[in-house]
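The structure's right below; bear with me while I get my questions together.
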Amino acid sequence: MQKRPRLHLRLLAALLLAFALVAAACGSDDTTESTTETDTSTEAEATTEEAEADDAEADDTETADDGADFSDLKVVMILDGSAEDGGWNTTHLNSGRKMEAAFPGMDFSYVEEIEPGQPATNAFQDAVDAGADLVIGTTFYQFDMIDVAAENPDVYFLTWAGFEPQDNVGHFTQATEDGRYMDGIVAGSLTESNIIGYPVGFPFEEVNRALNAFTLGAQEVNPDVEVRAVYLNTWFDPAIEQQAAEALANAGADVIAHEVGSQVYATVMAERGGYVIGYTNDWSDFEPEAWASSFLLDWSTYYIEQVEAILADEFVPGNSYGGLAEGWIDFAPYGPAVTDEILALIDERKQGIIDGTFDMFAGPIFDNQGNEVIPEGETIEFADRNACCMWLVDGIVGEIPAE
Amino acid sequence: MTTEPIHLEVRSITKSFYGVAAIDSVDFDLRGGEIHGLLGENGAGKSTLCSVLSGLYRPDSGSVSIDGHELQFRSPQDAASAGIGMVYQHFRLVDSFTVAQNIVLGLRKGQRPKSIRQVETMVSDLADEYGLHVDPTAPIWQLSVGEQQRVEILKQLFRGAKILILDEPTAVLAPQETDRLFEAVETMVAKEHAVVLVSHKMAETMANTDRITVLQRGRNAGSVRTGDTGPADVARMMFGDAKAAERTTIAGPDEVGDPVLTLSNVSVLADKGMTAVDDVSLTVRRGEVVGIAGVAGNGQRELQEAIAGLRPTTSGTIDINGTDCTSTGPKGTMRAGLAYVPEDRLGVGLAPGLPLEHNIALKNHDRAPHSRKGILSTSSIEETTNRLVEDFDVRGNRKGMRVSLMSGGNLQKAILARELTEAHDVLLAAAPTRGLDMAAAAAVRTHIINERADDRGVLVFSEDLDEVIHMSDVVLVMFKGRIVGRFVRDEIDVDRIGLLMTGSQDEEAPADASEASIVLADRVDNERPAAETPPSTIAGAAS
Amino acid sequence: MTSLIRVEPRGHAGSWVRFGVPALALLFALALGGGILAIAGNNPFEAYRTMFDASLNGWSAMSRTLALATPLILTGLAAAVAFQMRVYNIGGEGQLYLGAIAASWVGLYLPETTPMVLMLGAMLIAGALAGAFWALLAAIPKAYFNADEIITTLMLNFVALSLMNYLIFGSQSFWRDPRRPVPGGKRLPENAILPSLSGRLHFGIIIAVVAAVVLWWILRRTSWGFQIRTIGDSPRAASYAGMSVKLKTLGVLAVSGALAAIAGVSEVSGVSKGLEPRAIATEIGFTGIIIAVVARSNPLGVVPVAVFLAAIATAGSRLQSIGIAVEVVFLLQGLIFLTVTAGEFFVSNRVRFERTAEAEQPGDSSPTTELPAGAT
């Protein structure tokens, strides 16, 4: 899940840029410097220097160690924010670069800062017009590209969190809960007050599901833990986030996990001597003392599988839902406070999910209103998880706001 | 410092704007150690003369010399270095700065003490010396109006002014502050400074000056020692020769008709909540021109606006042609038959940024033939405009041009064209010829007087006494929100009108009129035809 | 003696000034932009060629540009009509959301079989009313308590955004599609979608252009417009002529809100085809303010300015795809738009250099002119 603030006027931003004319012009040479380094493969890093130079011909001369030449394959990625946001879009771009490395000679390029709506539609159309074989939309672009996809049946599209079936479109959504459970284990082990703060944006299924998984993970190591959920009703607002973080800290929370949001959580927890759990961000360098953990995403497995399927003419449209077993979930380096014992437990649980021997949603599970939502012997199947949850598990203090 | 007191001589200064002389061959003489009153009606040229002295305007001809040396002022800085300092009626201070900061503001590096502490000490000393007490570290916004005025004076003294020109200094002051101001002025004069007191208030000028120079219509009307004269002489100098005015009076109709505008006991507040119009009653009848004379700022504007329905009344009733228009708003007064030529041509009478056609149709655009069912007929509006431009000789218009680019005379003719061609029974005209050249003014006056022949009533406000006398069948004098005198044609006494306008009683009044209280027992009621209320019964203290 | 730079309105601009200055400004912008592109290591000619191809060259490029211009024209008109009366409606953004919310409600509520004309008509009316209502929330305090409409309209934008976010992200509302993994609006039925004219260009452009012409006509040719323009020029002259400034404030803000809301209807019905906050909340309302300012509040001027802005914006992703960094793209877009609109300033104003002491000029148009001082 990714949401970004849209509180800027593009043209005014451009005006400011005009004043920073020289800086901007020179800056374009080293824009890739800030590309986030996660524990990605070395090939990915090797290719990051080609950020702008997506000149297909240039790569022609130096194709393929194994003889395969993918220079006929053009892939365009459409990012809704900056490729250097250090989070969602950077993750996608890095995954794209891994894919690029897996298919030597592939013409991979991206456009960034594409707002949903007409600009996105135009960007998809531009990609098709430029001869793309595959266009990847990294945010909820479903309805912006639906007509373009219908009009261009020979071009393949992948778009995040889509759901309307189209023969040439693949949809992908990540099983956040697989990562969130592990983060919950870390949080549960670190809290001394047994109060964990969890500010979130809006109460809908995916958010609640992640929150439930997190709480279940925390409860596994610390049955007395209490997760205080606060719905902020905003996607991004550092001022409100700051207030929420401080209010939670004042209420005794010594670990704060959150959904989306800014670095203020890390700052507040560092001041208070508590811990922060990230959300698809690696802030281990930002506040090293307060840093605990964060799951990360890696889409490259999915991208590579789809490209292979396209090449083999075996593309399967529809939704893909992937977590640990599918290789979509990764983890940032753990903070110094996380014990080896906990790390061992996390490894065990990860393996359990991958093997299918561990199911976090195995019943009985009660919600925080006292209802049994998953009876003994039942669970939520992996494929059905998308529809969950409009309830919060027992142990979460907070309510889904009334409708 | 010179041993001889400073001596300023102005010889034959002329300054014109757009071919109209604002001051014409004016002489002025000023010596250190005297308070010199500069008197005159609005538009008499006082401000222009002061602006020449303070270096703001360059005269077309004539000379200014100090102690025998002729000087050319190219800027206010030149005048300041010659020792002339001007204190404007509207202060030029930065609210958020302190007194000391304001005093050094605008001084060049070399002229300015190095530290603000030093300035504060110097200002403090200066304030003690002249009795102009004010805290040099206080920000301006914390100060009263009187204190701010002291800062302005200190600013000039700080810069070494030997001649101080005070423009209407008492207009903004409370009585106690006025007293303190004149004490300070006395101190300055005792230190051989020369002070010019610009005013149109007779009483305070008589009470506080050594000499008086009167300007009338841009020319010298005389220069006298205050002790050698009385208010009546000065008033005569200000307002001109009564006989001359009477000779130009246009003969009125033989009889007047029914009332078309009746005000009964009307009171109106000014913007700031003070009473501006105090219990005014008057009647205008068909075939009659009633003129209201008075110095600006005595409630005329508020009274005009109240009659036009633009300003609420606090008491009394306004009747236009048999319709009670006390609270009907401007639309109601228009419907009842009021045509209104306002004081502000641009901004009230006309929308300055819009073309002439738009302004001609301003009031009747929503009626046939200019519009039907809310849709405008541009051809009808254009035709009307062309016709009125022809009939009223409005010049300088180009199609689509904003009216603000036209000259004042043509603007006024355009307003008159609009107001007089629409059906109406009474015309309210305020300062109808102000700022117009002779020809345009004459044309405007003719249009107004012709209303009388058409059996309509006219109420005209003007600060130009000659004009009022020239046009009116009945002259009312307004002072401090009240009608303080009523004169019918043939009985007009210019000297008395002049005295009433300035708040003086008559020539028998003591020179120190600020202390005289003049009593008017009952209000002037001009419904009694030809009955002149004796001015000896005028109420209200002159300031 | 100091020199002064004096800016004064031109009474009338000759055709050389009118067309020559913007053309020169455009050339200047292109030259400057070319320099920047060259410094950034891009080929300026290729870049300009791409821009032209992407937004203006041929009908398909034009239709993209016009599609993007559609809501911009409407929000530009919304701002322009208010500016005509010197009322500053900064709330076009929020009024647009309200229009989108109301129109999508109607589109989802009416039976799918409702004839398209009725359906779209109902959506337009509902959207316009919702926008007018939202604007009146600021207009009433403005008219009766003199509350600053800049503040109130601006604050109402945030309320509208919160409302729209709540309907989609914060609740299981009528608008929200329960099937979706990420919250979003239900898709509108076929009859609730503005028909396509060509590719992405939909019927909304006709609504927008007609609205511009009609608004121009209303302002120029009706007594209501006459009064709006009078109040805009001089509220005191308007009062003097018996016009009700209060009622016109309500009226003009209602019309402004309705126009902005129609932009929302057009977006929800012609583009996103459902209440999609992230596709709707893209600052179309704020951009309309810029357009109105550049068009000098002239409804007929809003159309070309919006199209021009859309043409520049449309080229953005194409420029990126030829390898120009996104920062340079934004810089170039901003530069061209600002330079050309700055050129417009010189069309309508004359800049003179003069000396203070001789500061005398004809006409009493300028407040700085010396006048024979009336009041002493």
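When the chains are written out, they are named A, B and C in that same order, and each has its own residue count from 1.
The rule is short, and it goes like this: a contact is a pair of C-beta atoms (placed from the backbone, for glycine too) under 8 Å apart; a residue touches a chain by one contact, two chains touch by 3 or more.
This structure is a prediction, so every number in the text was calculated from the model and none was measured.
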Can you tell me, using the touch rule above, whether these chains form a line, ring, star, complete graph or other shape?
line
Name the chain whose C-alpha centroid is farthest from the C-alpha centroid of subunit B.
A
Compute per-chain Cα centres, compare each with the mean of all protein Cα atoms, and return the closest chain.
C
Count the C-beta pairs in contact for every pair of chains, then give the pair with the highest total.
A-C
With chain centres taken as the means of their Cα atoms, state the distance from subunit A to subunit B in Å.
75
Taking each chain's centre as the mean of its CA atoms, how far is subunit B from subunit C in angstrom?
46
If you average the CA atoms of subunit A and of subunit C, how many Å lie between those two points?
35
State the interface residues of subunit A toward subunit C in the complex, per the touch definition above.
1, 3, 6, 8-15, 17-18, 21-22, 24-29, 31, 52-55, 76, 78, 82-83, 109, 111-123, 125-127, 130, 139-140, 142-144, 147, 161, 163, 173, 201-206, 231, 233-235, 319, 386, 390, 401, 403
What residues of subunit B sit close enough to touch subunit C in their complex?
17-18, 20, 22, 40, 42-48, 51, 57-58, 74-75, 167-168, 198-200, 296-297, 308, 310, 329-331, 334, 340, 342, 344, 346-354, 358, 361-363, 365-366, 371, 374-376, 378, 398, 400-402, 404-408, 434-435
Once bound in the complex, which stretches of subunit C touch subunit B?
1, 11-12, 220-227, 229-230, 233-234, 236-242, 356-357, 362-365, 370-376
Tell me, which parts of subunit C touch subunit A in their complex?
36, 39-41, 54, 64, 67-68, 162, 165-166, 169-173, 179-184, 187, 200, 267, 271-274, 276, 278-283, 286-287, 290, 309, 313-314, 316-318, 320-321, 323-328, 330-331, 333-335, 337-338
